[in-house]
Amino acid sequence: MTNSLNKVIPLKQAIEQYVKNGSHISIGGFTINRNPMAAVYEIIRQKINNLHLYAHSNGTGLDELIGAGCVSKLEIAYGGNGKAAPTCIRFAQAIQNNEILFEDYSNYMMSLRFMAGAMGLPFLPTLSGLGTEILTKWGFSRAMRKSDPKIVDEKLIVIDNPFGNWTGASKVVLVPAINPDITIIHVQKADAMGTCSIQGLSFADIEQVKASKQVIVTCEKLVDKEELRQNPDLNQIPFIHVSAVCHVPLGAYPTAVFGHYDYDSRYLRKFAMAAKNPDEFKKYQDKYIYGVKDHKGFLNVVGQKRIDAIKADPRTGYAVNMKRD
Amino acid sequence: METIQPYTPKEIMTIMAAREIKNGDIVFSGTGISMLAAMAAKNINAPESVIFFETGAIDSLLEELPFAVADPRIMYWAASNSRLTDSFATMQNKITGDKVIAILGAAQIDKYGNLNTTCIGDYFSPEIRFSGSGGGCDVASFVPRCIAFMQHEKRKFVEKLDYLTSPGQLEGKNSRKKAGLRPGGVSVVVTNMGVMRFDKDTGKMYLDKFYPGITPEKILENTEFNMDISTATRADPPTQTELKILRKDCDPQRLILG
Amino acid sequence: MTNSLNKVIPLKQAIEQYVKNGSHISIGGFTINRNPMAAVYEIIRQKINNLHLYAHSNGTGLDELIGAGCVSKLEIAYGGNGKAAPTCIRFAQAIQNNEILFEDYSNYMMSLRFMAGAMGLPFLPTLSGLGTEILTKWGFSRAMRKSDPKIVDEKLIVIDNPFGNWTGASKVVLVPAINPDITIIHVQKADAMGTCSIQGLSFADIEQVKASKQVIVTCEKLVDKEELRQNPDLNQIPFIHVSAVCHVPLGAYPTAVFGHYDYDSRYLRKFAMAAKNPDEFKKYQDKYIYGVKDHKGFLNVVGQKRIDAIKADPRTGYAVNMKRD
Amino acid sequence: METIQPYTPKEIMTIMAAREIKNGDIVFSGTGISMLAAMAAKNINAPESVIFFETGAIDSLLEELPFAVADPRIMYWAASNSRLTDSFATMQNKITGDKVIAILGAAQIDKYGNLNTTCIGDYFSPEIRFSGSGGGCDVASFVPRCIAFMQHEKRKFVEKLDYLTSPGQLEGKNSRKKAGLRPGGVSVVVTNMGVMRFDKDTGKMYLDKFYPGITPEKILENTEFNMDISTATRADPPTQTELKILRKDCDPQRLILG
């Protein structure tokens, strides 16, 4: 959130500086795509805990953070991770075992909540969810809400359309804004000031970034300012929203980055298998997360063979004919 | 003894759903069989239908089947790559939303077409936790027509949902309208046994079509709630043309058809 | 608003088909940039009247439409046209002479009203305008609003923040949605199905298009679908929102089209000078609008010399060192 | 007899405004002299300030002076080209908005820094109609600091506005807060005679600086309302360095300086 010319710092330092025990956090990407995994693994390595996580459908990153015990409160629309885990396994177990406090929304509601935060508004309206238990079942009690100034007093509010029957709506649902302490996203290109260019779908990354008090960007490519300035129409995030830039090639692995690499379905399946069993999951974490120093070390354990297997075809942006199982 | 069917249950389900899609429809699609139904419709009966994903891609060129709605395969050759807030707005907006037909799955459905994709058991301490709404609640709130894909089992066609995630006709009659929702929600249920629709006045599910080899009674046996079967007729099975296109053009590797 | 593969029709026919006496209309662009001028001149030639115009800051197009007597009701944030006319002259005169009904908003309010329409919502909230006369001075009376189902019953509504003091806001202003009958924009590139790519700032064009029941796109270049599909990230408007596509090179002249041509400051000044005097203005209209058959005819009267003078430099997107007076 | 000034009124106004801009500020700018002030600040005292336009361009490379906030000159080499809804959200959002300093013009200002850019005379049947709010009302509602550029004339510094377009301190004291607005609005007025600010408690305009060659009394003569001049001091005139940069680097063709 500064306009300094150079915000590039190592990822380890960025996580130390901006992610604290108890931080309210959101991460970019959607299920198996463009999750900021290097940052997620670094958070886990730094054993940061008691996070309040806001998620729409952040699959892989979400399940790793929950599996590692970093998350104590969760507001979420969808916990799924593609074919490997239609329901994120550690997410489901954490709820089934009463290990986290959680509250359910829809994807649009969560996206709008970030958008409200990005717009500097207390809420945005929607026509979604009337008559459902998303409105009536609160995961955070009224007492807890009242006692915690960082949690809004009401989950969702239904009001009559104040403009009568204008546009045919009789009632609207108001969804409260989210302004996370910190949002972390992974993008294809950023410059040292923090201007970002996302290729392909941006999911809710832009809204999450603009809603957030601090923002860490990890990027596939750290490029010269000049490269980004040549096409301002492709830069969805101007530098004024960004606190720190970390150059982390393959920083979304094992999730996909359009134009660079595909998701590693084999890794995701291995993760899902391990997630089902506490002992296996501990072994998985020891090997891939705690047993390595950083993302480079992690990628060394993964091995070049997998990296080569998921390399994107320049024409399509994904790995054509990749074996997906 | 049943006659040998020239098609699998997945194939007849896909074709039944594809037939619901009209030319010019915008098809809100998930992955798996719903994606295949959308592709079948585009190839068979609705060439000007458009596949559309909640993640923001419209009319992508699906050279390979995507495994998730965030699969990079949907970002290729799209008319536009946008974002969640835009895609849901396209459905919330009646001008475009009224052309959308959605294909949804669920763990449970009730007689009013309400869906549960959240949990089995108590919400706060469930026996089984599912992924949650995702965009399901939004779509079922906004668009006039939704196809629900279900396996026809008693524990899935239930008297009372463990959690109402996505709105159908709520408690029937005019309760959807009273809640402030537009007309919409699940309008047709396609299972491995037949096709169900909803009565315009009561909002209750009734059996419209049963597949060859399936009886209405068998469908009732697999449904926890009572359902009107009095007007049900036998479904026209998939034609040779439909099956040929489905098998050759839509899923030649049988990634989804199995 | 169809998904047909070919929506290309001549501009004359598009205006005949979609713009009617009394239509509620909005046009794209901002002051001296990317106004759909060919369409505006065609509306004037077809003597369509009694239009209800929704404008944020559409300068040149707005003033031509008002000057030609096409507009009877106006909702507007800003009527200015750059250096040539800091206040649009025919706009100011129409108000000073009580010739039109008008109602004032801010630019953000008008943009949000289109955005609400685009989102299918009855309203959106903002923190803008509290305590100002934009809230209290209504151009359309309550009686008129009640009697016209196409005009919302209340101009703007202030409510207390229903989420207490969440985000620090005590009150919010609710701005009602606009869903025009027809929106017309001019873009750099469109294909026959109606997918559009806007280069440079999009102003509020995207929201206006998505809010509108029918949409006419005029384009500098009519390109193959393949050209647009190669970069979906640059296509802000997918075809599902578009009713008709008209290929009109120089279709925004005398306003600018980034990457193609600059505004013609000399033409704009001539227009401003003429606008000050009814006789001069009639002469101006007779020569440039009524006296020609179509936009090609108009450009013939303008002359190739002016077209050459405003040609954009490929590096900067505007006419470098152009004489601007 | 006044001493010959080595600078024009436009030049001193520009420099006075530029000095208000701090390093790291996001400068919401219009065209003309406000743009020049933003450029001067960036070149003189606030190299990391960022020029920002309501049309959605951020940190454009202004090789030529734009004549409108929709001039294609602002779209070149920007960090990002977006749209109106994004640009106003950047200011409405406190995280970024609190760093914004806006430069505004107006036809009338009152003693509480409220602005009129709409009309002279009755709103419905005015003697003179101006352009209207544009983004002025929005910016004055959202951001903590606004510079108003005005010619110092009695008919412009008025007891009562003909129309309140953009909020300052409304009726003074805590009335801005009571109306639901954040702290903000016009915080400094730069004219051809001096620099005015607003009392923190009463919200009333007072004279802070008068230019060399101008007396506080002359300023009062050109102001319809009463204004505290008791703490006013003489402004430090533009330095040679400031003038040199302004003239050589910001407007060498004197397009705006005249």
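Think of it as A, B, C and D in the order they're written, each chain with its own count starting at 1.
Basically, a contact is a pair of C-beta atoms (placed from the backbone, for glycine too) under 8 Å apart; a residue touches a chain by one contact, two chains touch by 3 or more.
Here the structure is a predicted model, which means the values were calculated and not measured.
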Chain pair with more C-beta contacts, A-D versus C-D: C-D
Centroid comparison with chain B (C-alpha atoms), farthest chain: D
Centroid distance [mean C-alpha coordinates] between chain D and chain B, Å: 57
Whole-Å separation of chain centres (CA-atom averages), chain C against chain D: 28
Distance from the mean Cα position of chain C to that of chain A, given in whole angstrom: 38
Chain centre separation (chain A, chain D; CA means) in Å: 40
Multi-partner residues of chain C (at least 2 other chains): 117, 120-121, 126-127, 167, 169, 172, 179, 200, 232-233
Where chain B touches two or more other chains, by residue: 57, 75, 81-82, 92, 94, 142
Touch-based graph of the chains, sorted into line, ring, star, complete or other: other
Every chain pair meeting the contact rule: A-B, A-C, A-D, B-C, C-D
Of all residues in chain A, those that touch chain D in their complex: 1-5, 117-121, 179, 193, 195, 210-213, 228-230, 232-233, 235-241
In the complex, chain D residues that touch chain C: 31, 54-57, 63-64, 67-76, 81-85, 88, 92, 94, 118-119, 123-138, 141-142, 163-167, 170, 175-176, 179-182
Chain B-touching residues of chain A, taken from the complex the two chains share: 29-34, 56-57, 59, 76-80, 82-83, 86-88, 91-92, 95-96, 98, 104-109, 111-112, 115, 126-134, 137, 139, 158, 167-172, 200-207, 256-258, 262-263, 265, 312, 316-318, 320-321, 324
Chain C residues touching chain A - in the complex, by the definition given at the top: 117, 120-127, 152-154, 157, 159, 161-164, 166-167, 169, 172, 174, 176-177, 179, 198-200, 232-234
Residues of chain B that touch chain C when the two form their complex: 24, 26, 48-50, 57-59, 61, 75, 77-82, 89-97, 99, 142
